[in-house]
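Some structures to go through are shown next.
Look for chain A in each of the two complexes below; its partner is chain B in the first and chain C in the second.
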Partner chain A sequence: MTAVSKTTVKDYLKAAAYYLLAIAAAFGVAGLILLTMHQDVLLGYKTILTTSFSSLPNFALTIFKFTPIYLMGLGFSIPLASRKFNVGIEGQFLLGAVGAAAVGITLTGMPGYIILPLLLTVALIMGAIWASVPALLLYFFRVNEIISTILMNFISFYLVDLIALGPWRDVTAGHPMTIQISSSARLPIIGSQINIGSLFTIALAVLGFFILYRSTFGYELRASGSNPIAAFKFGIKTSFLAPLSLVLGGAVAGLAGGLEVSGLYFRLVEGMQSNYANLAIIVSLMARGNPVALLLTSFFFSMIEIGANAMQRTMGTPYEIALITESLMMLFVMTVDAIRQKRR
Partner chain B sequence: MNYAELTSLLGYILVLMVPYSLASMGIMVGGRVGVFNVSTEGVMLSGASAAFLVTYFSGSYTLGILSGIGVGLLIGLMMTFFANKLKIDQFIVGILLYIFATGFGSLLYKEIIGITLYPPKVNLLPKIKIPLLSQIPYLGPILFNQDAIVYITILIALLLYYLLFKTSFGLKIRSIGENPRAADALGINVFLMRHIFTLIGSALMGMAGAYLALGFTGIYTNTIVSGRGWISIAITIFGRWNPLWILVGALLFAGVEVLVYTLQAMEVSLPYQVLMMLPFIITLLILIYTSRKAEMPAALGKPYDRESFEE
Partner chain C sequence: MKEISKRFGEVQALDNVSMKIGSGEIVGLVGENGAGKTTLMNILYGLYKADKGRIIVNGRETNIQSPKDAISHKIFMVHQHFKLIGNFTSLENIILGSTSGREDFKRMNLQVYRKRIEELMREHKLEIPLDEKVKNLSAGTQQRIEILKALYRMAELLILDEPTTNLTPQETDELLRSVLEMKKRGISVVLITHKIREIVETVDRVVVLRKGKLVGEVPKNEITPEKVVEMMVGRKVDLESELSNIIVPRAPGAEEAEILRIEGISTTGDEGIKLKDISLAVRRGEIFGIAGVSGNGQKELCETIMGIHRPIKGRIIYNGKDLSEADVKERIKQGFRFIPEDRMIDGSLPTMTLSENIILGFQNFEQFQRHGFLLYEKINESARKAIAEYEIRAPNEKIRVGKLSGGNIQKVVVARALLLEPGLLIAYNPTRGLDIGATEKILRQIVELRNSGVSIIMVSEDLDELMLVSDKIAVMYKGEIIGILSKESFDKSKIGLMMAGIREGGIGK
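Let's turn to the complex of A and B:
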């Protein structure tokens, strides 16, 4: 292990101040865009930042968004440790949803304690299988994972369309979707609004943190990401670890899809992936792949999402303003990092 | 299928070749100086949005195409600032700019046009019949009855090929993508060239998007690009970062796409979703095929820093 200089509380505060500056800058640009659109900038900020906390249903909605964003963020973070970009979380999420819908629709009359674990396991496996295609292409043919995972996304969109309009199609619905899953395949709800799915995120955050930062596997994964040549010379099987991390990431993203089917939609719906994948990528990069920091960034972005949706409803501001602000936020955070590194 | 249907179908291959080859050449041009710009899909969407809006309100195709290029330059400016100036990981910047540009293109259209029941339309770019040549049976209507951008795209490919592979300037440019340190030692302005070629590349991507709206669909939707930007990255790799081979690859994918539409129109027994998956599956197969002999610029994706050791 190398000697690392001790980070003091002052350093942390300094870093926090810099990041706040970056976030403020992104909001500043968003404000300028709102100005050119002749919108009330201050009302926009207020809506974005406070809607999540304005009522219990809104807070519950925030948590509903938080779960898939966090889990898909984790699905991006695990391969990120070995410097692989799993842009395929979207497709892996959808395949998880397909698996969950298949279990929930076909297996009826079984108690929840059997069907629920089964449903989530199938979702997990389906996500892993979908990710294993790019993983195998990476392992055997060194195919760039960014392109292959994206291509798998497009294939998954048409697969979902095929299934949602297939034999399980809900003919009463105008939008492509399947019939509902059986009632025992649905996640129990705690309190009045929040389903048990969000508890998974906390458990997985802790688990993910220990795997990535406290286990040999995580150490080797990070070593192969930060310095592949050195890692290889120390006997770490770098060429095997990176594809494996993609499969693991796929499993987590698949689980997210399963939870969405079992806890929110109770069926497979075309477009249910929303734009979670884009958000998950940004929150994961912002948390630098750290599963615990990811809790914070995911929640922050869920809040922005709820706020931006409210803005679209009440002020008529196109939702895309959120996407622009969020991507700029990450670019500015990295700018701050780059400038600080140069100063050192 | 009669003569007119067949020739118009095959003519579509050349139309669809344009966005694929412009976007791929955009990626190639950046790659030749060591910058792997994966924001293509988003830049194309922004380019399509801007070009459609400008042509819709001004009635000018030239202004439309130019604004597509302009938006490409704008996002290229961000790309080169973050990736070349600040030396942030090119893939991360590319993915973030893809997200940014997707949001930007969509916002532009929503803010100006709004949500309408029937999307507003522009007429497609006019076809230019080349005298005599367009009279040749079969070949004439397919090759010599196309809009101006089809011809311009082929010219751009030839020009880029000549510039990069037949001139000493091109040799210098390519050396930046292979070994920036050596190029720097030879007195080539690595930083300036990286900025310039990143911008040119992004402009080509914007133009590709502009053409989708003005030469292919005549309308703007958020799904107008639908993966063609990502496929273009594969075409670039398949084309070994060479403009002429990229043209071949673009023709191949345009052919696949036209085949998919034809099969759909013929109502084959396969579900249309399976047909729509085809281009993406073929892309994956091509990536496998090219992996064995993939030739990439050696310094691709790596930031160049004079003060860093190694390499």
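Let's turn to the complex of A and C:
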């Protein structure tokens, strides 16, 4: 047995080496791009990799980015276990934000310990409801979830517009947004900078890991994803589990929206989803849907985001270098996977 | 091929193996699962790279890096799992990849290709419908397409990996006839197989591998199946006498209690073959064999008994309980166990671990979970036991099943079915694709289950195997049971006739 476990350790190290190589390659190409822009490449690397840790505010900023990316990544990962692609995390996130804003604006004069759990629960439920439309379409009519979730995203954008320009509109703002939520509906800050919402990510990572990899429910989900025919023939209700996983993913993405409203913006803002959904999908795929590995990939991407922002400020490099680096990383990781497959 | 060695992780798959293939020679490459037959040929075909050794083609040392290189040396390989495009016609599949240049692309002049292919079909006695989509064709026909594809590219060496696994006996005969035709035209053929009996008549020479090592070669005039099997396994094997030794005979007339009763089951046919009013009874400690040409409703019957499909009519009674309404989960709980038809398609979870595969269907059993969370310690322990007991070739229980060879996946599927005291085992081709050693082991285990009182429904396309172990044999034809014979009246030619739809004592519908 010792020989066997030694091999597994060796395998893991080998895999890690491969992925480090992929990341290095991505940075290498990004460096070349910086060179063509006549930038100081080494300073660029340093800025990208160290800004997050250079000061507490910068670290806090990284965590602020990390929280929605992680949670939306988890919202993608849960259905991914059953091989369903929840591209609708963006819409589910927004609906969670809508729900949170509605609770925060309408319920005033209530203590935080009542309103906060309520706000987050409503956000969760709104995300789940938004995901349940594609889920029901999948269950009853086998409508492809990739298409239906994308379409639901479009609806969500205009729904946010409608609400941000409706009765709750903040008329003093130049951008579509609602008025602020009541002060008791805002998440407390710990330390002096870190958003308490980020603690949810750790808790959900552990919970997510145990549910996906240790529970019978997660087992059945993964079995449906691995081979739906075999799972079905051995008594697993695959046609029910896959839609259910979409709803669960939607709930987590909705929670992310709620946390953004309650912990960062204190209102519903048009465009608040940023490019989180795309990043979330990439980090989830890179982590192979594993909630714990997702912590790493999401944090790494948040770091690059913050670093690239700093580069834009200090070096005048366009922020888009972050997106280029991130995309290259995904491409190189996929390349490395393909090479490893071949080198058996 | 000279002194080829290849290592996969901790496993030495090939150790210093050399082999020659003469022009116009038919070589049987035989050995048990995991002996390295396919690996050796995959190296020749450029799919794997040898750690050590040389490949010499037509007297010249050659570096084959990829299948493309192999093909340029006129070496072709037909894999066990065909690599055809289902939505293309046979003709399109054959020419796919061999047309070149813009000209072909502009006006795919199919007529020219068709003539050439029709010629090849005549020459090699390989008949296929050229304009049918491949997905609608049987395994035998698809294999002929693969072979024609190689011939169309002027193959000089054709490697066939386990070519008979998915074929009916008649298709096997046809295949071997075409192989002889190829030989006449100077084409060399390597037949990778462990079913030595099938190829004895055809091959010029067999090369025997065992555990990655070359055991020896036997020229045509010295081949006897017994001798070759002994070389493959490393000891004498006589399946027939060994099994008949352990089958506990039943006192004539002594009828055991009925365990399973099927009353008038009919299905809509949405899932495949329509079942028509099937009734049968399986007793305690009985192997109830089901014979028939593949695709006559055996699969649908097994799956209906398992609860995977709902019949429109009829009842299923198990141990006196009516389980007609019970779902698969409930039936598994009651003791139903299932070895499905195809280990790849419906038997295994390729991206999950061996441990996780072993408990498929049992994940809610008390042994393996507490409060909805899996007890991985216990699961892994069961998996380790199964690995040892069934000699599954896997480095550990945490390996993904998709990385195992076909025969080893089959062992996982069988191990799962026998893991927790079955009450009723439904075994569909349980020994499919297994070598002699493993076949013997699994048949022995099934017989021992029977001896211990478990009821078994066994479907097999291997009539010899079925007659050897069954207590009764039902013959299926077009979704019906055309007759049931008991052990005293087993008769191969009679069963053969029934398989063709001819009823006992008369002509069937």
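Convention: the second predicted complex is superposed on the first by the 337 of 344 C-alpha atoms of A that agree within 3 Å, B and C clash if a C-alpha of one lies under 4 Å from a C-alpha of the other, contacts with A are read in each partner's own complex, and residues count from 1 in each chain.
The rule we apply is simple: a residue touches a chain if its C-beta (ideal position, glycine included) is under 8 Å from a C-beta of that chain, and two chains touch if they have at least 3 such contacts.
This is a predicted model, so every value here is computed, not measured.
*Asks:* Quick check on the chain A-based superposition: chain B and chain C, clash or fit?
*Replies:* On the shared chain A, the partners clash.
*Asks:* Of the two partner chains, chain B (first) and chain C (second), which one does A:323 touch, if any: first, second, both, or neither?
*Replies:* It touches chain B, and chain C stays clear.
*Asks:* Taking the superposition as given, does A:220 touch the first partner, chain B, the second, chain C, both, or neither?
*Replies:* Only chain C is touched by A:220; chain B is not.
*Asks:* Which holds for A:336: it touches chain B only (first), chain C only (second), both, or neither?
*Replies:* Neither chain B nor chain C is touched by A:336.
*Asks:* Report for A:124: first if it touches chain B alone, second if chain C alone, otherwise both or neither.
*Replies:* In the superposed model, A:124 contacts neither chain B nor chain C.
*Asks:* Residues of chain A touched by chain B versus by chain C: which partner has the larger set?
*Replies:* B
*Asks:* Just chain B (first), just chain C (second), both, or neither: which does A:230 touch?
*Replies:* It touches chain C, and chain B stays clear.
*Asks:* Inside the complex, what are the residues of chain A that reach chain B?
*Replies:* Interface residues on chain A, with respect to chain B: 33, 37, 85, 87, 133, 137, 141-144, 146-148, 150-152, 154-155, 158-159, 161-162, 165, 278, 281-282, 285, 318, 320-324, 326-328, 330-331, 334-335, 337-339.
*Asks:* Which residues of chain C touch chain A in the complex?
*Replies:* Result: residues 8-10, 48, 303, 306-308, 327-329, 331-332, 338, 340, 345-352, 356, 360-361, 363-364, 369, 372-374, 376, 395-396, 398 of chain C touch chain A.
*Asks:* What residues of chain A sit close enough to touch chain C in their complex?
*Replies:* Spelled out, the residues of chain A in touch with chain C are 3-4, 7-8, 210, 214-217, 219-220, 222-223, 225-227, 229-235, 344.
*Asks:* Quick check: in the complex, which residue numbers of chain B touch chain A?
*Replies:* 38, 78, 82, 86-88, 91-93, 95-97, 99-100, 102-104, 106-107, 110-111, 226-227, 230-231, 233-234, 237, 271, 273-274, 276-277, 280-281, 283-284, 287-288, 291-292, 294
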